[in-house]
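Here come two complexes built around chain A, the first alongside chain B, the second alongside chain C.
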Partner chain A sequence: MIDSIDLSLVNWSRGQFALTAFYHWFFVPLTLGITFIIAIMETIYVRTGDESWKKITKFWMTLFGINFAIGVATGLIMEFEFGTNWSNYSWFVGDIFGAPLAIEGIMAFFLESTFIAVMFFGWNKVSKKFHLLSTWLVAFGASLSALWILVANAWMQYPVGMQFNPDTARNEMIRFWDVLFSPVAVNKFLHTISSGYVLASVFVVGVSGWFLLRRRNILFARRSMIVASIFGILSSIHLIATGDGSTRQIARIQPMKLAAIEGLYHGQEGTGLVVFGIMVPSEEDPVNENIKDFVFRIEIPNLLSYMSYGNREAFIPGVIDLLEGSEQRGLLSAAEKIERGKYAREVLRELKEADQNNDLTRYESLKATFMDDQFKNEYFRYFGYGFIDDPDKLIPNVPLSFYSFHFMVALGFYFLLFFILTLIFVYTGSIERRKGFQRLALLTIPLAYLATMLGWTVAEMGRQPWVIQDLMPTFAAVSRLDANTVQVTFWLFLIVFTALLIAEVKIMTKQIKIGPNEGGN
Partner chain B sequence: MGNNILVRIFNFYYQGFRNMTVGKKLWLIIFIKIFIFFFIIKLLFFPDFLKTKFRTDRERGNYVIEQLTK
Partner chain C sequence: MFENLSHLSLQQYWWVIISLLASFLVFLMFVQGGQTLIYTLGKTTLEKTMLVNAIGRKWEFTFTTLVTFGGAFFASFPLFYATSFGGAYWVWMAILFCFIIQAIAYEFRSKPDNFLGRKTYDVFLFINGALGTILIGTAVGTFYNGAMFSVNEMNSSQWETSVRGLEAVLEWHNVALGLTVFFLSRILGILYFIRNINDENIQRRSRKQLLYNTIPFLVFFLAFLIRLLIKDGFAYEPETYEVSLERYKYLHNLINMPLVLILLLAGVILVVYGLYRGLFTDNITGFYFSGSGTVLVVFSLFLIAGLNQTCYYPSLFDLQSSLHIENSSSSRYTLTVMSYVSLLVPFVLAYIIYAWSSVNKKRIDADEIKNESHVY
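Moving on, here comes the complex of A and B:
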């Protein structure tokens, strides 16, 4: 059945999910970051009693409200897709996904119905301190709300804390804290929310730059820039630090992803970090789209080894090493993993057969096999490889992963420099006459969105062919639907989400043009 | 006393919604969006695949195992 799956169905299903995820993510990071910036501004207002800070706070709060309202519930579409388009996957992940998503839903409901209401309706109705507390709770609550979906995503990259039940074909959560506090989940959460904080800081500096270009609301723009650039510098440093943490994790957990994002085919000791490179089809294998050579690259010697293992001479396996394996390096070949995965699939098939034939002795024996630690560690952990017929299919899209990763990293460092310059220019009083920088600030807003989308591209494309690392390939996760139906919903979503995006941009630009003096809620 | 608190909470939300400016347009967008999501997209295009095809969890599990082992 899996062998005969329609690839156009898989591709359309993936395209549809990517489309909805990207559009959903368009709204999320601004909410994550701008709430903290607003909370800081309101804190200054409460501490100083300066009414101009209240105006500043209310202006950014209005923009947050627009973004929140247009974006709210866009994530629900992905939950629809799990049940319709990804039924094998949804069933297989069992309650690992259900529990975090339920917590997220409950948290979001209470957050939205109480503290956001106080934020918008509570001016002059509740005390200043209670209002401020509500604003901070919205900021922390928004980030905490993101925690749960990121925990679920981290589990897909690094499945832990579960036991596979061969009777139901579901993974059952047996250690909640292992799932919640897996190193991948913690790092992913911190890295992702930091990216939201950076994006929101860029947004605030960029919009403030627009006011300076128009020579309007100068004090408002300068003050907004100070808060956002300081918050942006701290967030950028945290973003870079957690990005470094991701490298160490990927080296151990997803070495193929690391090899792909670095364009590393042949591993070596003392591997350098490619800072910049241009890929061309390989002379060795020009037909294979995933095998490339560098026509040009700038590399920092030994840095990737050091970043990955804290050792300048550490061996980093390349794509070819991971496929061919190496006994000396303790790397299993792809062929061996495929054999082990096929064996695990066969044991599952035989168990089901024994169950259906009421062969209790055989059933109990096979069930015991699934509970056996050696089977779990040496066979079931490669369950997904059993679906793979050609080792080349284990290679993710290398050029896409490589360019997405390097452009994202470059932008991350650019944002840090951008915030530092903003702060310097504001403090030296030169920001108002720097028209070029004000335009640059405005142009940096789409770059921040691009960077965060590239981050997800690296995370999700770099781990292909897996939907659950080593356990389930993406093509085995889809429902057997008609590809034409998926195409129809793809275009439907494109229309609906694009309309929402246009509404967001139009309402927000109108509100920005009105400026901080009018406010509105 | 309890009643008084409920009335105050009601008034808080009531006054808040009444005095909205941009918010009114946003709530309209939210309602239209929720309607499209739940009453058009979900009902017409996104039935739960396994729930609509099978009646029990056992049947669903058997189907997925069949999918994963063939």
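Moving on, here comes the complex of A and C:
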């Protein structure tokens, strides 16, 4: 692991990974959701035999095909970047983290790629039922792949089911089911795929709104809206419920993240939930970018305590409490955690030294220390703090986390309302004359993309400085490369990805304009 | 079941799985090989469209196998993942760039308003087919010839050249493997076209091209194989993990593992027989023989790289830093879990074969392309 760190290298490496993740996550949510919407539409076609449903299905399938490829390409890059740019991470936790990635390939990717070929090229070659089955399998395959990568991601936020092996200087898996069924993994999976389903539903409603604005393919648009808005309502409810579940989990396992997303500096019993707030530089510490004051806020009293612990009076620690600690509350100070982390690292160093000098007695005694439960609970669990030299570095970017989280939540509720209104307007037959709503539907598409990006920002920026919660800070995970090398690949990726994004948007727009051929109305 | 296996047995089992995935990956690179021949075999737009669509329906298999190969290597031998990917940065990045541009090229090339123009996407396909195969082959060459890295007591690795893996091209044996993979993928691509496109002109040109590609393939393959069999290899002591050079190591591996030798010979015979069918008969099934032969040859070459106390990723900088299946693998528990997952592989293969054959039932011809709703 790294002792001397080139911060420029860390920043470029983070930048490159964020760039790849951004472009990856730009395409994947639509794939996750639209495959189910397509499968539902094709099911209606197979059950009714109505050819216009087949045309509707094929239209959305074309858009899915355009979107799918870039998600695949950026996914490959992300997988390999764990090795190319985060090689220390790859060794330190590869024993646990690699497994879900491999399972994802074996279980999900083949399912997706195999049946996509049938879905696109099998219309006249296989039976209707087999084709329908293939479409459903593509949908399940897409969500299944999300399961495994989110299991891996959840483990980084809540490392469970593993044990540190000082001989190999890495963490090793000891309970697979704990990793797979970790409550964080389950909730993260459900929340994230729901967000994809919501985004895809917004996309379908929005594009359909465009057809209505243009007064063309009316029946096609109405039918697409019905399927998407019902799917969207169910997904939105699920999204909100799992989002609520996340709050409870974060309160327990990542209190600093909760404090950051709520802009909570000084904790108290009966903490309120900030519904809306504007942050300005703090009067106490104006130079610190992470310490802010609220110039304005709307707060619901006691709600955060209730949401986090089911108790209106529960204490929620703030950023400062978590740094300074409190004996009364059972909170260790950051300085104490750093000391303990440094001690754990020192024991490991001594063990390696004893091993190299063939000092067997000392080696055995230090190894026993590592296996000791008290050492694990009181020292090793803070291993990552041993890399930190300044407690301030333990604070994530508070304004970014706060605003991202609040916009995301607001948009989540807006989408639910949006789908309900869509369904009502379609059923009452007024959707065709509601020009304003049709325009709103179109404008909601970028909001859905914004919301999902904000969600990703909350999850990944809110947990900084950790790449593995409390065990490895991000800067210690980086591959020992020259910063200029990473800078070059960063720009290359940016150019290539952006060119492909432009191409995709142009192609997609053109295909939408072409429309579902002569089908639909 | 797998719980009863020793750590070493699991490590060997996983090396076999990695070898199998690698062999399928090379076989599926017929897609890449085919991509380099679109303008050679197709003269009219319709012919080119038929060629692109024939292989375009399979690109995801190659891509997925590459992703799975990476994931499986990560899960089973994470120290290789950390050392090689983080070290030979430029080589792996170059490979990745070759594959990003492929993924979108099929879907975008014939769509209106595609920003970069059809020609650009076809160039992307060509780059992926040519550079992608040569680079992967050259990178795998370092499994036999070594690379410039060191690993410390914390298993943290360091690359010892500034060109970050590109130095592999200075060893002709690595490049010979790269070119072997390139010409092999072209051969398989041609045989696939012969099997799946029902068009007289394409058939005629394909058979001619098959000859032009078979000759360099045989030259590079034999040069690679002969050199491999007479070169020193990197062996390690099973007890102490002490690494040393051993004369004729890979030849010894074949002699010590006669089953692998049989697989290699059978593979070579099948590849050659498939070529014979394509070159000297009107038969269209050469693809199956050369394809399965490719799987066997690559499988056996990977097996002798990692089994029988051989370092599969030797270090030229510090011999003792060399990676072998015992010092670079995941824990026994993780390999056991992953072994259960590997039981899914036959099931996955079965549905792939079923879905593949259901789409490939009818050979592609001009009529089909004109009537197909989803055309690349």
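The rule is simple: the second predicted complex is superposed on the first by the 508 of 521 C-alpha atoms of A that agree within 3 Å, B and C clash if a C-alpha of one lies under 4 Å from a C-alpha of the other, contacts with A are read in each partner's own complex, and residues count from 1 in each chain.
The rule is simple: a residue touches a chain if its C-beta (ideal position, glycine included) is under 8 Å from a C-beta of that chain, and two chains touch if they have at least 3 such contacts.
No experiment lies behind these values; they were computed from the predicted model shown.
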Overlay on chain A: chain C relative to chain B, clash or fit: clash
Chain B versus chain C as contact partner of A:F120, first or second or both or neither: both
Chain B versus chain C as contact partner of A:F130, first or second or both or neither: second
Which of chain B and chain C A:D95 touches, first, second, both or neither: second
Which of chain B and chain C A:R345 touches, first, second, both or neither: first
First (chain B), second (chain C), both or neither touched by A:I218: neither
Which of chain B and chain C A:A476 touches, first, second, both or neither: first
First, second, both or neither for A:L76, with chain B first and chain C second: both
Chain A positions touched by chain B in one structure and by chain C in the second: 1-2, 62, 65-66, 69-70, 72-73, 76-77, 80, 83-85, 87-88, 90-91, 117, 120-122, 125, 168-170, 352, 479-481, 485, 489, 492, 496, 500, 503, 507, 511
List of chain A residues in touch with chain B within their complex: 1-3, 62, 65-66, 69-70, 72-73, 76-77, 80-81, 83-85, 87-88, 90-92, 117, 120-122, 125, 166-170, 345-346, 348-349, 352, 476, 479-481, 485, 488-489, 492, 496, 500, 503, 507, 511, 520-521
In the complex, chain B residues that touch chain A: 12-13, 15-17, 19-23, 25-27, 29-30, 33-34, 36-37, 41-42, 45-51, 57-58, 60-62, 64-70
For the chain A and chain C complex, residues of the former touching the latter: 1-2, 58, 62, 65-66, 68-70, 72-77, 79-80, 82-88, 90-91, 94-99, 101-107, 109-118, 120-126, 130, 134, 165, 168-170, 172-174, 176, 352, 355-356, 479-482, 485, 489, 492, 496-497, 499-500, 502-504, 506-507, 509-511, 514
Residues on chain C engaged by chain A in the complex (per definition of touch): 57-58, 60-61, 63-64, 66-72, 74-76, 78-79, 81-87, 89-90, 92-93, 96-97, 99-104, 106-108, 111-116, 153-159, 162, 164, 330-331, 333-334, 337-338, 341-342, 344-345, 348, 351-352, 355-356, 358-359, 361-362, 371-374
